Every structure is written in C-alpha cells, then in structure tokens.
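So, here come the structures, one by one.
Below are two complexes that have chain A in common, paired first with chain B and then with chain C.
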Partner chain A sequence: MKYTVWGDFAANVVCFPHIPYIPNKLPCLCGMEVVWYLFNLRNLFPIMANIDHLQFVATGKEQRNIMILMVVGLVLALVGVFLNIDNPTRIWTALLYNTFFTVGIALAATFFIAANTQGYGGWYIMFRRVMEAMSLYLPVGGILLLVVVFLGMGHIYHWLDPSLTDPASPHYDKILAGKSAYLNKPFFLGRIVLYVVAWSAFAWFLRRNSLEGDKGYNQKLYQNSKYIAAFFIVFFAVSESMASWDLFMSIQPHWYSTLWGWYNFISYFVTGMSVTYLLCAYLKTRGYLPYMTDEHFHDIGKFMFGFSIAWTYLYFSQFMLIWYSNMPEETKYYEIRNAHYPILMWFTFILNFITPFLILVTRGAKRNFKVACTLGAVIIFGHWMDFFQMSMPGALANMSHGGHEVHFSGIGLLEIGIFCFYIGLFLFVFFRNLAAAPMLPVNHPFVKESFVHHT
Partner chain B sequence: MKHKYIVGIYDDDDKLVDAVKRFAQEGYRVHECYTPFPVHGLDIAMNLQDTRLHTAGFVYGATGTLTAVITMTLIQVMDWPLIVGGKPFFALPSFVPITFELTVLFAAVGMTVTYYLRNGFSIFKPVEIVDRRTTDCKFALVMCCKQYNKDDEQQAIRQLMRETGAEEVNDRLLNNELLPNLYKHGDEHAHAAHH
Partner chain C sequence: MHYSSPIREPLIQGNRTYADITEDIAKGTEGKVGMIWVVATAISAVVALIGVLSIAYTVWKGIGVWGANRTVDWAWDITNFVWWIGIGHAGTLISAILLLFRQKWRTGVNRAAEAMTIFAVICAGLFPVFHMGRVWIGFFIFPYPNTRGPLWVNFNSPLLWDVFAISTYFTVSLLFWYTGLLPDIATVRDRTKEGSFRERVYQILSFGWTGTAKQWQRFESLSLILAGLSTPLVLSVHSIVSFDFATSVIPGWHTTIFPPYFVAGAIFSGFAMVLTLMLIARKVMSLENYITIAHVESMNKIIVLTGSIVGIAYITEFFTAWYSVNTFERWVFIRNRVADPYIFGPLFGVEPAPYWWAYWSMMTCNVISPQFFWIKALRRNLWVTFILSLVINVGMWFERFVIIVTSLHRDFLPSSWAYYSPTWVEVGIYVGTMGIFMTFFLIFCRTLPVVAIAEVKSILKTSGDQYIAKIGQEETDLHNRGVSLADKAIHDVEHHGHGGHLAGALHHKD
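After this line comes the complex of A and B, so read on.
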C-alpha cells in the first residue's frame, strides 16, 4: 500500500487541529514534495517505515497446535455425546452456550471497534486489525449458532411445545399463552436470523472500510465508518438484549429479569477484552505489534478490571433483588441453581470478581504480561462457567418434565470438549483473517494518536 | 519569614520538560513546576515518586467496609434484632449496598482530605500563587533558594533557565513555604554529585 501525501495532510489536521497547518499555502509555492517531507508521519516516527509492511504469517507450529486443539476437542465432545446420548437437552444446551460464548467474543470486538470509532478513540488503532480479525468470526459463529438453534431448539426451549398454548390441552399454560405473541417459533427463528445477518454485515462493513483505507487516505471512508458504527451501536443495544432473552432467558420462560441483557453483554464483553489482551500479548511476543507499549496493554487491562466489577454489580443486583423480594416466579431461577449448583454459583463469583478485583487492581499487574494473561485466562474460564450456569440448569429442569427424573449434570467431558473445539475454531478463523491484512491500518486518521498514546 | 524562589517562565510545555531534563542532567533538583494542564512525562523528568494516594484510598475504603459491616452487625444482630421478611438477622446480601456506599464514602472523603492536607490547602491560609499566568498560558519552573543559597549557584540557575528558553526569570518571595516533593530513590546521589 502507498503512503499518500493527502493521508498525512488529513492525519495532521485531524490529530492536531490546534496547530496551524502551514502547507495550506505551501503547495503552490514549493510543490508537494515539501509538504510530503514536512508532514510525513515517517519523518516523525521512523519506526513506521517498517511497520506498514508487517503482515502476520502463521507458522506451521501454530497451525498444527490449533488443529490439535480442534481435533482433541472434537474427540472429547464426541465421547461426551456418546456418554450423554440419552440426554439430548444437555448436548444441545452445551452446544448453544459454547457457540454463543464465542460469538459473544466476536460481538465484543465489533462493539469495541464501533464504540471507539464513534467516540474518536485513537489509542486502539495499534491493535485494530486484531479486533477486526476477532470480529470476523461473527459470520462463522453466526452460522453455527443458526445450525444449533434450528436443529436443537426442540431440546432446549420448553415453550416451543404447541400444547402449552392450546386452551383445550391439559398442559395449557396461561403465562406462556400470554407470551406467545413474542415467544413463537417463526418470530423467534426470524429474530435469530436477523441478529446473525445484521451483526455479520456490520462487522464486514467496518472491515471493508478499514481495508479500503490501506489503498490511500480517504476522508469519506472515515465518515462512512462513523455512520456504520453509529447504526451498529443503536442496533446492537436492542439486539443484544433481545438475543439474550431469546437464547438464554427463554430457557426458563416463566422467569424474567430486566437486567438480563446487560448482564449477558458484560459477561461476554469482559471475556472479549481478556481475549484481546491474551492475543495482543501473544502477537507482541511473536514480534508483530512491535510498537504496542505497556500503555496500550494497561488500558486493555483497565477494561478487564472495570467490566469485571460491572459484571459483579449486575450479577449481585439480580440476585439480591430476587432474594429480597422472595416472589415464587422470580426465585425459581435461583432455586434450581442453589439446590443443584451451589459450588458453581460461588466459584463463578470468586473467579469473576474476587480474583480480578484483588489482583488486577494495581497498576503493575495490568502491565505485567504474566499476571494479566493468567488473570485473562481465569476471566475467560469464569465467564464460560457463568454461561453454563445461565443456560444448563434451567434447560435440564424444564425439559425433563416428560416423566423421568431430572439428572443435573455438572461440567463434564462434553462441555470441555466443545469448548476446546470452539477455542480452536475461533483461533483458526482469527489467524486466517489476521493474515489477510497488514498489521497496522496506516492511513487511519488516528494512527499518530495511537503511537503517542500515554495513559 | 519570607522564602525566596527563582521562577522561570516558559511558553511551551515541551520547552519546560526539556528544561527540567536539562536541570536534572546538571545535577540540580527542580523544586516544583506549575502548568495550566497536566503535562505528560513531566513527573518522570522531575524524578517524582509515584503517588501513594491510591494506597491510602484502599485503606480508607477497607475502613469503610469494616465500619459498615460491624455497625450493621451490632445494630441488627446484637442490639436490636428484627425479623424482616423471614430473612436471617445477619442477612449479608442486604448489607452489601450499604457496605458499598460506606466504602465509597470513606475512600472519597479520606482521599480528598489527605490530598488537601498533603498539598497544604486550607481555607485558613492565604493563597499565594507563584505566577498567575500559570493558570492560563505559561509554564513555571520553580527552584528553591533555601537549597541553593549561594549567589553563584543562583546565578548559574538563572543562566540555565535563560539557556533552556525561559521568557522571564523572576525572584519570588512567598510567605508560605512550598512543600517539598517526594523524589524517587537515587535522586540524592545525583544531587550530591553536583556539590
């Protein structure tokens, strides 16, 4: 890609509007070369001469390790499937929450890009391509989500049973009949398809604009990205809430919680930030992202820390209000979890709140790769368990009304296998997309801002 | 008693940071800088110690947490137990919001008071500003004449200020002594080498 004069011109005007831009008068006097020399970012940052050619290439070892992870995960998952062949609810719910967990990581990346684009964020340009590659998992994960929902919804969602809304039937459920305007099969499937298509489209448009920018500076692209980001944020605010009702809250259709959407979103957003930290730290040690400093990592660490606390706030608020008011239709959710998964409830809380709070609170911890990466892995695992306890207990309790006794199974080979497979798949898609573009969007107006970033 | 300071006025933050670095190179200790906005890298150039205010904040916060839990336990469990909605007397989840509020209150008030005390702000103390223009567009570098009390030292400081681009070099007499900063360990050696 070419480093353009107009790119530098615009970059200087956008980044440093308070400095009078002299070359406005110069071009006619001395020609473009002077402007190019004076305002070329390369002259200010000689390091950029190297970085704009930097492009990720996966080594054979990396590809092999990802493949091993996927195969091991698949084998474990298959063993788990055969062990639980009589319990399809568990299999499909495990697939559902793992699929959505990884889709959520990609969604978090898309939201992060959109929010920073909209908020004139410049510091993240250094690792923007990493976030883009994460967000491009959306189409893949979205299709998998559709497959799981289309094939497995009969085993996950209790309210799909048509006899529940039929007044003549002995199973007639007045509450579900009242909710049937929203919770019915065609509308439900239509919504899921809409989410997946729209999210993927937004991620793809943001990526397309970013790649177009590599050809030369174009102010219109930046404006266009701002529109896309704005529409995405509005759409996402509604759709992520509705997706969390559809996919997880409707597993226990009588139960409802008004902060469920936030709670879900923050759970995968903090996971997404931890994944970003881990991937950036890995790429940094591999030599890509050479100019990403402790300052950038510190800020990602702040997101991990801050949103861990935000998650706790919502997790606890939901619990406390239900515990305090003690109304049967609300306490159902916690009754199942408290009776059958008490350790999981508290362990999730410790992993997702106490550990990040006490360890990530210091400045040094956020800047130390070993500490922060360990904490990142803990947060990812903790929120994966959180997704388990959002979905599995309710599905097992509701779907086993057909006569036989409910077997509340914990986290086993099945869940771990599917999780390994999805990590492998996510990394596979991620590295492929990362290798498809240079590591730095050099013509982005805020490149300089990212280089001089200082917390 | 009046305290004498030499004040160099700069018109640019980069010039100020460069001047501070230059002073450190020559073995001087810069007493204080006044700027209209926070200048990145100035704390590093001045070799200032990291603030300990956040540690104090943690201690205040922990005090607030303990105060809340102990007070509520004393009132609601030991002194006057009441059954509310069939909950146990020591109903921890319902204590959490109040505990949180008191933690925040103690941390916020404690940190503010500490900050004011440490910086010598008080409503009873007349305000002395080294140079009024530092609240608008100028940057001041302040050297303490108590530390550099010889005439030739002060002349050298004035000379160095002019060399590093100071617009003006003034002497200021203040009634209140400016509190000394905390410098990072190792600064004493550099300082000693000069003499």
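After this line comes the complex of A and C, so read on.
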C-alpha cells in the first residue's frame, strides 16, 4: 500500500521513458529510508522491476492457483452431489444461487460503471478497467445461469408443476393458477434469456467504447457511453427487480414482498464493491495500479460501509414490516428461516451489518489493506450466506410437497465446493479479460481527476 | 480536489473574484427593501393569517369541522403532513448525501434548500399536532415519568417514532443550517455600518465569528459530525413516516417497498420545491452567476432519477397486488384507484373508482411529466423546469392523498364505505401553511445570504468559468500535441504529488 519511490521510478523509466524522472519525494525521506533507497537493487537496475504496470500478465503461479481452486471446488461439489443424490432440489438450488451470486458481482460492476459514467464520476477511472474485467464475466455467468435454470428448474420451482394450475387436478392451487400469466415456463425462460442477453450486451458496449478510447482522445465517445449507460440503468432498474422475483421470490411462489428486488440488488452490489476492493488491493500488491492511492481505496471502502448499512436498511424494512403486520401469508418466509435456520438467519445479519458497521466506520480501517480486505471477505461470505437463505430454505420446504420428506439442510460440502469453483471461474474470466487490455484508459476525459483524487 | 476536468460545466459564471462573490450575494441583505419583496411578503402574511384563523377555528370547535369521518379518519391533514415533510428532504439530501458524493453544484443551492427544510418541517409539524384535537395536552406525546397514572406513550406505535424522528431531524437540520451560516453572517456583519443596529444584530447572530484558523478547524469538524448525523436522517425520517402506513394491515398501506420509495418520493418533491422557489429567487435577486443552468440541469437529473424510482415503485406495487392473488389487494388497486370511467374501468369490466381522478393525476404528474427531463434541451429550459416543478409538487400531493384516502374509503366492510371531501377549514389550514412557509422564506431571503458565500468561494478555483477555460485550453493543446491525459497526469503527480496541479491557491477539502 505504501507509495514507494521505486514504484514511481519503475513507472517512469519503464513505461514513460519520455517523461524525465525526478524523485521529488527524496527530500522528505530520512534515515533508514534513504539507505534503503540507495541500496535497493531495483533502483540500480530499473529493468529488474520488470513489470509493465499498464499491461496485466497473469503469472504461472496465479494460473495454477486458480486451477487448483476450481478443481478442489469441483471435487468437493461432486462429493456433495454424491452425498445429496437423493435431494436434487438442494443440488440445483445450490447451483442456482451460486451462479447468480457471481453474476450479481458482474452486474454490480456494470451498474457501477454505468452509474459513474452517467453521473460524471471521475475518481474511479484509475480502476475502471478492473471493473470492466469484472463486468465481462456476465456472458459466461449468464450462460451458466441459463443452463442451470433450464436443466434444474423442475427441482427448484414448485409452481412449474402443471397439476397445480389444472382445475381438475386434486392439487389445484387457486393462488398459483392466478399467477400463471406471469409464472409459466415459456415466459419465465424467455425473461431469463432476455436478461442475460441484454445485460451482457450492455457490458460489452460499455467495454467497446472504453477500448475505443485508447486510440485517442474522443469526447464524442464519452457522450456515446453516457447514452449506453443511461439505457442500461433504465433497463437494469426494471430487469433486476424482475430477475429477483423470477429467480428467488418465485421459489416460494405464494409469498411476495414489494421490496424484494431492491433488497436483492443491494446484497450483490455491496458484494461487488468488496470484490473490487479485494481485487484492486491484490493488483496493487502485485505492482499494478501504481497510481491508485489510499484515497481511492478509502472511497471504495466507503461504498462497502455505506451499502452494508443500505442493505441493513432494506433488510430491516422488509423484516420489520412483515413482523409487525404479522399476516400469515407474509410471515411464512421468515417463519421457515427462523424455525429451521435461526443461526444462519442471525449470523448473516451479524456478518453483513454489525461487523462492517463497527469496524469499517473508521477512516483508518478503510485505508488499511489487512483490515479492509478481511472485512471485504466477511461481506462477500455474509452475502453469499444471504443468498443461501434467500433460496435454499424456501426451495427445500416447497419442493417437499407431494409426499416427500421435509428437508432442511445447512451449508455443507456441496455449497462450499460450488462456491470455490465459481470463485475460481470468476477469477479465471476476470484475469483473462484484465490481460486483454491496458489497465488504464489513458484518454478518458476524467483520467486526470482520478490521478489527483483525494478524499 | 484542485483540478476539474474541463468537460465539467462551470458552476460559477461571469469571471467572478472572491470579492465579487461576497458583493453579489451579501448585497441581497443590504440597501432598501424592494417593492417586490414587500408585496410578496404582505401577500404571504395574509395567506398565513388565513391558516392561523383556520387553525384557531379548529381548536375552538374541534376537528369535527373537518371533512374527515369515521371511515376516512386520516385524510387531508395527514396528506399535508407527509407532503411538507417530503418537501424538506431536498435540503438534507443536498447538505449530507451530495456532500458525501462530492457534488460541487450543491454549494449553489444548499443554503436555500436547507432553509426550506426547516420551514417545511415547521409546517408539517402543525398538522399532526392539531389533528390530536385537544392540542393543549399535546405534551402527552413526550415520554417522561408523570403523575398521570403513570401513563406512558405507546412505544410500539410508529406515530411515536415519528415524534422522535421528526424532532431529531428538525434539530439536526437547524444546527447544520445555522452552523453553515456563521461565517456568512460574519461576512454580512463586517459590511455593516459601525455602531448601527444591524451590526449589533449580526454581531449576536454570528456568535462572534472572526474566521481564525482555530474557528475554521472546529467549524469543519462540527460540519463533518453534523453531516454524518444528517445522512441517516435523510433515510430514516421518511421511512418512519412510511411506517405509519406500512405497519398496518390495510391493503394499499401495507407493502414492504414503502420505506425506500417514500424516501425517493420525498427527495423528488423536495427538489421540485427548491426549483420552484430558486428559479424565482435567482431571477429576482440576480443570482444567475451562482445558480447557473448547470445547477438547474443537475437538479432536473435528480428529479428524473427519483421520479423514475417512484414510478418503478408504483408499478412494482401494482404488479405485486396482482401477483399476490389477494382479493383485497387487487380490489384496492383496481377498484379504488386505477379504474377510470374511460379506459381501465371498461377494460377490467368494473365500475369506476370514486377517486380515479386522483390516481391518474398522480401518475401523470409524477411518472410521466418528469420523463421530459430525459431531453437535455428541456432540462436546461427554465420555463419548462418551472412549470414541471409545479406539476410535480401537485403530483406528490396527490400521491399522499391517493395512498391515504383511497385505501381507507372502501375497506373490508362495505357498510362503512364513505366518501371524503375536504371542508373550507382544512383547505384554509393547508393554504395557510403555504403562507407561513413563504413568509419565513422571504424573511430568510432578505436577512441572510441566500447562497453559501464561503462554500461557493471554496469551489471558485476549480469550477469558476475563467479557470475551467484555462484548463480547457491547456488540455486542447495536449490533445493537439498527441499527449494523452494520463501521461500528463502522471507527469503532474510526479512533480507536484497527489492533489497536484493547483489551479489556485485555495485548498478545497470537500
């Protein structure tokens, strides 16, 4: 994290040889630091810095670690599948929420780019390419989402049972029949395809304009990006709510909550900001992003802190209003969770609210890699559990209709394995896309604001 | 930040210097009182008097003089309460949330918007107080050990949470507003004639501010603390107002989206009110250099954003009412609200809702009208902005009326169905609060700097038109020479450190 002299030096000598190097920080160095500076081999042999901070290249070690993570995840997941072979609902629901969780991180990145483009954000240009690389996971995750939904929906969504909407059937469900104009297979699948295609297209358009800008300063391009961003935000505002109703709210098809879509969004948005912090911090320690300072990290930290509270606000609003009114058709959702998953329910609340609130509130914590990265991991894990509790309890309780035993299950090898695999996959796609373009959009009209940014 | 990209629009026009800024803004409080101001204040005071008389009549006769009945027991009065509370939200949003998001344009309008917050909360507070009926025992709402039994307030009631939320909101907003005013009041004081009455008044009001480094340092710390307190208040106040409805089991009231949607609606209406008044003020007080078209456009963007959020919330509610397959939910939405005599009533095959006109006024004013602001030319057109800001204020009033009255007037028990229409007393109180609000606002415009002098000065070197033009010229040269902005930025950072490229000497820490 420290702004090192040799970092500047390397940046100058290696990447921008036409700019004369003047170690302006020297006068304020003292004692050991001068000695360290003088004897640092990297200063004597600048080529040994050996890193072009504008072009990311994944090392062999990185690639290997990602592969190990994916393989370990896959093995654990397969063991989990084997252990739960009699419970396909659990397997498919675990796949569904993990797939969407990583898609959500990419969506958060896309939304962040779009919102900042539209709102004249200048400070984030420094790590914009990191967020672009995150957003480009959308097509990959989206296709996986389609596969999981297409193959597994019969095991996740109770309302797909045709006998429920058939008036002649003994299982006829008047309420579900009333919803069948919205909750029916072709419309449902069509919607999911639409979301995936449109989200991916928007991410791709934003990326295309960003890469186009590398050819030279072009203000029209920036204006064009603003239009794309505006259309994305409008589409996203509607589609994120609908996607959350389709994928998660309809798991308990009798239950409904108008706040559901926004609550869902905040959950993956705060996760996305935490992932951004972790990835930027990692890249920084690897020697990339040399001009990204404490100030930028501080601001990402503010997003982690602020949106943790925003999540709590929505979580509380939904919970409190349902608890207060105490209407059976609404309390059903919390009743299942409170009765069978009490630890999960309250532990999630502690991880996602109490911990970030108490620790990230200080200025120092947001600027300290160790503290903030730990908290970032906590937030990611907490919201991963939140997605588990949005989907799994409802799916297991609902799909046990019709004579099967009631299943309740905690988080096990299956979920952890799938999660590890998806982390690996996300990182794999992320690093590939990061390596595909320079790490700084050098001609962006706000690039200099990002350089001189301070809180 | 000492540098702004030249593609940002200037926020101070007319090549102003620090001295010009003081002169331009402080002169509104000096010299002879203008005729426009006198006439406007006189009219406002008369209107306020109508309100006071209507309130007095209510207290004398009891709230039976209102149109509210056993079925629609919350109506006009609570509609106005929520409407006024909402109006105040722009001020808090600007002073707290836009500060966090480093929006420099906030400096042009924050002072007046914060003032509106305070006056709007005063107006809002009148309604529940007089709705209580026996207002002389209104202090019962405060929880304290008493000799009445002891009779405690109902801590489970959202109405009591309102008492806490709104009084906290009022206190913090007042402190924030007044703290920000101190340096500016001192500026006005320093321009008064020595030994005059005005000097003594401003001397007291400025708390002896002299602008020492220590005072500024404490000022900054206090501002930061108050901004930290205000940020959750922006969300909490209207959330708790929404709990008044959403904790019930009344269809149309009980819905989980209410808290964030009420907050968005409040900000929406607040900005509409700020625009209505500031468009007049900038013209009358010649503040065009400080409240520029760029400011108006930014506010219009917030209007289109929050208006669309509100629109999505309406659609979500309507969709969910259908999706719930709950007879009562569907009934309230279709038969109490949406079904008009011309299109939707015949379409659904139901008789028209008694208040269909209120619902469709709300939809037209709140959801359709702000969509015009997607067009840049309309966002920057002052007449369009002014008219739409009025339309939105009407729409937001209808929103609260629709929520409150249409949900209540035809409930689970058909024998108790009733229609509500206001009496002259209720209308008189509502009109009167507008008079009170305007009277306060006009007095504020005349006695205190309407634009935050010190804060505007803090953005001069980054957002003044002359400085932006200079940077724009430099960067155009760079583009012509084929040097990328990043190369230049790296060069500057190397030579001057982060926060380099001082366009001016002023250190702006925002």
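The definition used in the following text is that the second predicted complex is superposed on the first by the 402 of 455 C-alpha atoms of A that agree within 3 Å, B and C clash if a C-alpha of one lies under 4 Å from a C-alpha of the other, contacts with A are read in each partner's own complex, and residues count from 1 in each chain.
Note that in this section a contact is a pair of C-beta atoms (placed from the backbone, for glycine too) under 8 Å apart; a residue touches a chain by one contact, two chains touch by 3 or more.
What you are looking at is a predicted structure, and each value in this text was computed from that prediction instead of being measured.
Enquirer: Kindly say whether there is room for both chain B and chain C on chain A in the superposition, answering fit or clash.
Expert: Chain B/chain C on chain A - steric clash.
Enquirer: Residues of chain A touched by chain B versus by chain C: which partner has the larger set?
Expert: The partner that reaches more residues of chain A in the superposed model: C.
Enquirer: Quick one: is A:H454 in contact with chain B, with chain C, with both, or with neither? Answer first, second, both or neither.
Expert: both
Enquirer: Classify the contacts of A:P445 with the two partner chains as first (chain B alone), second (chain C alone), both, or neither.
Expert: Only chain C; A:P445 stays clear of chain B.
Enquirer: Same chain A residues contacting chain B and chain C, which ones?
Expert: Shared contact residues on chain A: 320, 324, 454.
Enquirer: What does chain C use to touch chain A in their complex?
Expert: Touching chain A: residues 1-5, 7-8, 100-101, 232, 235, 239, 243, 246-249, 254-260, 308-309, 312-313, 316-317, 320, 323-326, 374, 479, 482, 484-501 of chain C.
Enquirer: Using the touch definition from the top, list the residues of chain A that touch chain C in their complex.
Expert: Those residues of chain A that touch chain C are 8, 11-12, 16, 18-19, 21-22, 24-25, 119-120, 122, 174-175, 178-179, 182, 216-217, 219, 222, 230, 234, 237-238, 241, 245, 256-262, 291, 293, 295, 302, 306, 309, 313-314, 317-318, 320-322, 324-325, 327, 329, 440-454.
Enquirer: Can you check the complex and tell me which residues of chain B touch chain A?
Expert: 40-41, 58, 85-87, 93-94, 96-97
Enquirer: Flag every residue of chain A that touches chain B in the complex, lowest number first.
Expert: These residues of chain A touch chain B: 316, 319-320, 323-324, 326, 361, 454.
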